[in-house]
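See the structures that follow.
Shared between the two complexes below is chain A, which pairs with chain B and chain C, respectively.
Entry: the complex of A and B
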């Protein structure tokens, strides 16, 4: 049997893999994409919010047929303690635009759709096929992959590793390290089904309008983490995630956190009467700029979560995955059109494009944030939320105590908990990490 | 040898639930699978193909999304897939389905070569009728082998097939002549994992799509709802039977007493049973097998 040879093999059919495969297939390259799941999306877990412009860069008219749930008109940030939440809500009719900016999606459906686009563009997609190893030539260039199916190695000029946060192919081959536990969060989520009109009335939504809540505080029990609630058409995605290293230290169980989050008096009424259809867990790269591994080498590039491209602060991941996948695909197409060899030197074009883009720009801006939140997590996720909650209650409760006493009590509570120096230093460090 | 395998895309019955309040079947988000019995049939066909040479054609009747099931069958190693899809087929019962499939198989015979064996699963897990296979056999005038556990051999020269058929109380070894229709039981062999080249070929193979007219069906009145005399009068969830287990204290009691207590308790619940079993007097007088007392 003759060995099949492709221009490129893409390992993984998530956001980054699909973007890369589409970018190359639509430019006429012979692309093979391997996906271990039963169908693209079957193994992929995300909240999920999808940012339109990164997808527009790949498929400009995606709104025609992409399975989108709701476009977001309202964002709620909540700081929670055990019985309350202090919130900032931003809702704007500006988001009811012709081409909305953010959508909730359900990945199992969305990824299937995007993969269909890859097929239509001429890519060959094999599901239920796990890439088990990279094949190298004697000069140390990746020349193809082995799979878990009987048969030969599949050859390609370049392998795009879009294998996700826990990608074994690259780590086994020593192309990058196994992500450190302080650089990876574990998120668990449930899909709660509710009738469309119930969701609309609970969140004050009309038509395809959507609302998201992102919450931090005592719900993560002192760990660096975030809870979320996203409205889909007929379901609510509800989840919570914390750093793996925190879970290891505290021995907290993720499902117990989610259970407590669900029963929180601020969340419970929003999901009351729902039916849980899905429970999923996923790792999220949180290491930011400092955790980005080597992005290309002889015959290979790495994109998306596998390359740790995730903005923990802005809760962006899939858009960075789409952007990096597209850029890798475009770089490879350019090299191919020039008749170039897919070696380390030529493939560094991908890194050059990525470095100049918002992807690396944003990540480098906040490169100190992950370690700050990690080392200071009890303050940021327990002490401050409790203090803020206390302050808010002091402000709104009316019981005959003079206002000045209440304000003094609030200030004293802050100072007791963090000291003057601690407050100043937290503020400075937070601000500088942000900048 | 040309082997045709009829498959059906069915909802994964293990994941279907009944709504606790409305008692309706909740289809939302229920994944589809290839009917497991059909996979057994496909595996058997692929094995025959390896042993005797030839081609395997899979065929299904269904909506457009049934193409996924056919594509999967191709990755297992089938050579060709035909999707029979037409709004005329909507609402087909087993009579209309076997009519349409029989027409399609005849057309497959014309186009790709006369089938030697047509396979179906013994039944589908959503309808559970086991009528479509025999319906096809009758219409195409094929020898009919149902509930087949295993194909033992095919004699290409004399064109005879020998199979093992599961029957009540044992197995039957049956032989008949080709062409024939076989309905397969599952459990003989799990479906194989397709080779990489099969998977690649499957990804590139175009599924043949036929409308009713393409399949040579001139008279759509025999298809779909119009060709289906079966009427579903009502779909309902059986009421769940809630019964509490009763505990009988057996500590320091002789076995006889425990047994009598058990029987008395059963008869108290089901008086008719007592009569049916011929109990006339008190327990232990008649009809009870002589148990080993006190041991």
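Entry: the complex of A and C
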């Protein structure tokens, strides 16, 4: 491998790595990006919803040529029990704007595109190369990366660890811990192909309009988890994720959960007749603010999922990855332009920028939410969904029972299941964790 | 959903594209007489069903269908049950869509 030294090495070509590499390369830094997959995106998995603002901050005119699937005009939140769903749907023509806010994307295509932008900006992207370790000098500063390609260490002033939720370099070097099973969800998904017009008619969509469903309830069998259905142009991403700690306790099989979800009477008609072309699994950081590790040190920074930057409540992962990658890249560029050394003190500029941004502000706002949902998962994911379904059915079914008796039955069912104190305490804790 | 018929996991994995690094598995299980609870859990929790119990009660791994999610690493690396590396560059799962 090359003996030349780089300003920065970026490990990983996902959202955060591409954002960081682009931010630095476009400011004239000499950047080497390492990707272990055959092409950028070949190891990456996401639902996937992409938020426009975070990408606009990197590539303002991305809409000209980015591979976007559909812009979202409708969001459905479903609470499901075994035979029903109770839904809150929000659809607005306001989302049919010149610069829409949210798009569905297919990561393998999107990441290839963003990586092309990195190359156009002057970055060097080396695929099929697994980074195997960090290289340190005697003073304890990271000075490069070892890879599985024949040859020496590749040297750089700073290493950007954009290695994903399951990254090995940072954990092996003791810069952060392997995520705890209670702080990370395992999600499995399938890509169901259907003709474009079938998707349009099933969801009432025109042109590039898209619809997404996010669902909680008995589909996760008492575990803290969420199911999702996202419409792409000619396919539907269908998946479900739950905390690994819950999986280990319940010994549920993830693919059995997925199969039950897709055979649910509310989901089955939406994907009927589809052809499945891929089955994927991936981890999602769910620990929130309290799980964020040390973000920088002598000669290194960590960004994106590797830094556990994921908002579980609002289900934002890739946009925090893009934002943190861009901020790290900008901070490094500023330090470089001042002729500074990439040590712990100077690189803390990245942490300062990140702390002031929406990324950390949002995560800190809901820092108690993950543990609340995890410790009470059977109530929130099984008991309440069943109660809500019964309440809705009591309200709409007409069979001659006096209305007052039905209302009393509904109230009694809630009290029986959770007690007056339990209901109040769940509501208070949910509200305070949200604030 | 009274009758939950499940697809075979093999059929799911068959959709995927892999480049298997023959003879160089990226995951190994530490030899053991009886598996720990977490290691045993992997026989059900691994989304690619890479872990299976053999006739004599030990957990074995066949990583060919691995999607490199890291679930087993989260559950079993710290206690030493499982040793986990990434496949060599270019090998392993190659997502077409991701």
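As a convention for this text, the second predicted complex is superposed on the first by the 433 of 435 C-alpha atoms of A that agree within 3 Å, B and C clash if a C-alpha of one lies under 4 Å from a C-alpha of the other, contacts with A are read in each partner's own complex, and residues count from 1 in each chain.
Following the convention adopted for this analysis, a contact is a pair of C-beta atoms (placed from the backbone, for glycine too) under 8 Å apart; a residue touches a chain by one contact, two chains touch by 3 or more.
Because the structure is predicted, anything quoted here is derived from the model rather than measured.
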Chain B versus chain C as contact partner of A:4, first or second or both or neither: first
Partner chain in contact with A:277 - chain B first, chain C second, else both or neither: both
Contacts of A:260 with chain B and chain C, given as first, second, both or neither: second
Touched partner set for A:247, first chain B, second chain C, both or neither: second
Which of chain B and chain C A:129 touches, first, second, both or neither: both
Which of chain B and chain C A:74 touches, first, second, both or neither: neither
Residues of chain A touched, compared between chain B and chain C (which is higher): C
First, second, both or neither for A:188, with chain B first and chain C second: second
Which of chain B and chain C A:150 touches, first, second, both or neither: first
Intersection of the chain A residues that touch chain B with those that touch chain C: 128-129, 147, 149, 277
Touching residues (chain side chain A, partner chain C) in the complex: 36-38, 41-46, 48, 82-83, 106-109, 111, 127-130, 132, 147-149, 165-166, 168, 178-181, 184, 186, 188, 190-191, 235, 244, 247-248, 251-256, 259-260, 263-265, 276-283
Chain A to chain B touching residues, read off their complex: 1, 4, 32, 39, 124-126, 128-129, 147, 149-152, 154, 193, 277
In the complex, chain B residues that touch chain A: 28-29, 68, 75, 193-197, 199-200, 203-204
Chain C - residues contacting chain A, complex: 1, 4-7, 9, 12-13, 15-16, 19, 37-38, 41, 44-45, 47-49, 67-71, 73-75, 77-78, 84-90, 92-98
